[in-house]
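Right after this note come the structures.
Next, two complexes with subunit A in common: one pairs it with subunit B, the other with subunit C.
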Partner chain A sequence: MVNTQLLELISASIIVSALYIQGQAYFKPAIYAQAIQSALISVLAFYLGFALSLIDYVILGIIIVVLRSFIITYFLFRGLKAKPGIRESTRGVASELVVNLAFFFLAVFILYYFVLGRIGLTTEAGTATLTIFSFILFFQGLFLIVTRRSTVAQIIGFIEEENSIVLFGVLTVPIPFLIEVSIFLDVLGLVVITSLLTLQKLEHTRLEELMG
Partner chain B sequence: MRHTLLEILLLTIPIIANIGFFNTKLLKALSLASSSLELIISLLLYFEIPVKGIFLIDNVTISFLLIVSSIYLLSVVYSLKYIEAEEIKGIVSEKLYYVLLNFFVASMIFSMIINDYGLMWVGVELTTVASALLITTEYSEISLEAAWRYIIIVSAGVTVALFSIILIYYEYHTLTVTSILSSQPKDSLIIKLAVALALIGFGTKVGVFPMYTWLPDAHSESPSPISALFSASLLPVAMYVLYRVYEIYPLTDLFVALPTLSIITASIILFKQWHIKRMFAYSTIENMNLALIGLATGQVFGAVILLLAHAFGKAAAFYSSGVIIKTFNEKKIDEINGLYRMRITSSSLLLSSMAVTGTPPFGTFVGEFLILKTLVQSGFIIEFILLVIFLALIFISINYNVSRMIFSRPKYDRLPKEPRLMSLVSLISSIVSLGIGIISIIWGVIG
Partner chain C sequence: MASDEALLIETIIQVSAAILLSPLYQGIYEKLKAFVEGRRGPSFLQPYYDIFKLLKKEVVVTENSSFLFIYAPYVVFGIYLLISFLIPVVYPSPIYLTPTVDFLGGALLFSLASFLKLISSVESGSNFVALGVSRVLSFIFFSEATLITVFFGVALITGTNNPYVTLQYLTQDVSHYLQLDHVLITISFFMLWLFETGKLPTESPGLSEMGMIDDALLYEYSGKLLGILKWGSYVKQYLLGSVLLNVFLFPWLLQTGPLGALLDVFIMFLKWLLLILISVIINTTLAKLRLFKVQDFLAVSFILSIFSLIITVLIG
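The block that comes next holds the complex of A and B.
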């Protein structure tokens, strides 16, 4: 028997972690928050694994916490050249967060009434509404990428997008294990490469040669 | 068994070539051998189709395989001269360049021949992992930015594609391509949503509006052999995967509307291009979207001819651009002039620009003709009219710029020296594109 309220609580906490990242200008707390976000998704996988007696979910939870909470966090700090105290050179983080919240509620409204209510997608817990959290997390990741210029913030946005997919898979239907693991390794590969690029370029600005 | 052996060889040969990592000369020789073997195996597989099991190879797959393996061979030969150790200063060394190139090709082949939508997705994501650093080979702030945009935009798009894959699994409880395509079609909103999301997701890598913004950046800042592989191979591979998803539930209207919009926007931006490689990158968007329209309207043969001829034509365009940029150290169209004195390069540039703009009797013309004809027959009259107008605009923009670069009076008296191997590879590639068109017309495919 799955406790839907518990699933909703964990999913809501994941969204709160995403909003916290959006409101951060310092790299260190944002990186830790993404580690916590990934850990929360693994908690969700563990809970569903035990509640539904599915070993795949439990292994998935272990993989998430190891790869996302530890290894990716390690690479992100490494990409910062061991200077985790530095701040992104950006202004208006608070006002961005306000815009973000407006964006957030609009997205929830549209998704809830115009998409999820119509397609008949049900979760492992038997409800359709839970999947909305994964879509919200996806848009939150996109918003972070669009609003920030630093490499680290954009990587975190990308990881949030990937986390949203894991959340969606865990809540609706887990795809075959081999594919799941391959996806995790792919994402890890991308994060390693992006960390290499972080060492070369920490901020992204408009370049005339790349316009048009 | 024999089938599986050939496919496993096809997948592993580029990876095995990387055992020469400790010695640059050996690595180059192995890469050359690997690319030649890949082309031979692809040709052998043509006589074995259809293959169904762990791998899926049919008439459509084999055409895409031939594209990838041919351009792989041409790009390796071209790289032998183009990539020189003393010019590489950044993250990617000469050795790493060949290692990543081989992995990149292996990941493309994996995406095409695997009989599983989930693993196809994994393959497409792997192509990003393998190719992102290749963009930074000619190290500069601009190439780093281009690589970054490529990773972020493409990864966001491919994440959307994963939503699509999960929805397909939710509905069918399998991801095996042959099982899904042979089962009873499902008319459900979830499947429609999955196919639409695939268009946005995989479409990002194909060059479909609005997510194609990474494409001109990555193409213009990559070394020319990689630009050629991106344009001629990577995008068709992503299109192949998209087509396999499209086959589950054909949303024809959407798959015609969005590519038409892509061609319209690309042609408007292309009109004002000042950078030689960005100009050809926008032309790639045009050709890819036209091929996608062909696949969506059932004109698979036309789409394949277009992709095949475009692959050789566009590879030649990027190869000639590479020669020009190396010789003049200049990327601006306005600053490049008097190319007629470089006989081989100017010939290949002229032929390739005619090829990519669909000039008769090039293969691209045959493909475009068949696709546009089918579009009218399918009742997409407004789309047809719009396409004819904007294809003409693209034709004029590219050929005008190329003519200016070739036939204008040279600013310098010094006679530029042509790198013979690179120029010849470029010329051969453009002649193949012409050959495809002539053979198709002789066979009477447009009659």
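The block that comes next holds the complex of A and C.
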């Protein structure tokens, strides 16, 4: 049977890794943290795959670890153009973290009581309440994109959002087909976007967004 | 022996151990730290010598200071003395006065003591102390919030706000100890304890103004008042550390009964050695942080405690 406490532990570690990325100004450790986060999701998939004897979960785990932990990490490092010591000038990590907290705290409570509570989501492994972790991760990714200006941090935020969809899919045993398809399409798009954006430039200022 | 007498003995042992042994732990910490840094260091009884020396000296008070400046140290010490009755810092069962206040009440008493300390030190009228107070305030707005959230978290896990029930609940089964929400809240409280007792690699205890956080409050105090405040801060460190050990980190091994209470003093000593060892390792191996990084550190501790609350409430 599935050990829910183990699932909780891995899911909480995923959230902690997202918090670490939010507080990290240097690119290199943030990229590694992203790789670890994806690896943790694949661990979750492997565990569920073996515990429930579902072969597609094992395959999904392998795909996640290859695509996200290795290929995307490689592309992000390539985007840094061999300058891994560089950092983004962030100010007020404490306030950023607290606003992040307020943001996902509120969002998750609203989702939990007004959405999840009403649709009565049930899964085969009894992991319905754990899907809340995927929402927390989603809002953290969103917040990372909003607060940072560097391309690398924004891409990591985007990957976190993607990871949250995968996490949601993994925890909704069995994986809904729609989510399965979107994961693969997004990963494909992600690699293209990553390689294009990071080749273009490393930091975007506010004014450039308005230029035609 | 009648149960009332037993209760009295247990009470006396707990309170006297908290008050009398608290400077010893600071002495051991300083000695061990000096040993790791390759110095000989002061004797582990040095905090006692300091307190006795200060208690014998006369008090010098600035002209501008009010009565609050003179009487607050006694009140602060009294509050810590009261807290030593309320929480399981030596003995694992309720003693005299324990039922008067719950866990949250204990947290509020800690907050009251630190508020009194702040307000009385500002009363001295010194600009330097005012600067120090503003520095302290820019940090403790996080730490007080974390303290209260941690105690909320404990209350939610066990369904009661009594630290003795938490202690019982944790020692019942290892799975209770390894619950995710409890683990997160323990890490959060440990981080808070490191800050509250000046064990962070940011702060340098003493009167060097660059890394001074808590000692800035004592700047204008002298003689007996300074001695009482210093003793009070050792007691506070002991109280918070023992709560961390008994309710969060290491709740096992405590004995009951009057003889058990005596044994508990020794067991607490061993537990404290473990805690001192951990904090010395943290303080000496980590690179020294910049002072404003304390806020980030406390923000992480605050977020972990709130995250634990979310997990407790939503997942259960």
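The working rule: the second predicted complex is superposed on the first by the 189 of 212 C-alpha atoms of A that agree within 3 Å, B and C clash if a C-alpha of one lies under 4 Å from a C-alpha of the other, contacts with A are read in each partner's own complex, and residues count from 1 in each chain.
In this text, contacts are C-beta pairs under 8 Å (C-beta built on N, C-alpha and C of every residue); 3 or more make two chains touch, one makes a residue touch a chain.
In this text, all values refer to a predicted model and were calculated from it rather than measured experimentally.
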Contacts of A:L121 with subunit B and subunit C, given as first, second, both or neither: first
Contacts of A:L190 with subunit B and subunit C, given as first, second, both or neither: first
Subunit C versus subunit B, contacts on subunit A by residue: B
First (subunit B), second (subunit C), both or neither touched by A:L9: second
Contacts of A:T172 with subunit B and subunit C, given as first, second, both or neither: first
Touched partner set for A:A94, first subunit B, second subunit C, both or neither: second
Residues of subunit A touching subunit B in the complex: 115, 118-121, 138, 141-142, 145, 151, 154, 158, 161-162, 164-165, 168-169, 172-173, 175-176, 178-179, 182-183, 186-187, 189-190, 193-194, 196-197, 200-201, 204, 207, 209-210, 212
For the subunit B and subunit A complex, residues of the former touching the latter: 90-91, 116, 118-119, 121-122, 125-126, 128-129, 132-133, 136, 141-142, 144-149, 151-152, 155-156, 159, 162-163, 165-167, 169-170, 173, 175, 188-190, 193, 216-217, 220-221, 269, 272-275, 278
Contacting residues of subunit A [partner subunit C, same complex]: 5, 8-9, 12, 15, 19, 23, 93-95, 97-98, 100-101, 105, 108, 112, 129-130, 132, 136
Of subunit C, residues touching subunit A in the complex: 142, 175, 178-180, 184, 295-296, 298-300, 302-303, 306-307, 310-311, 314-316
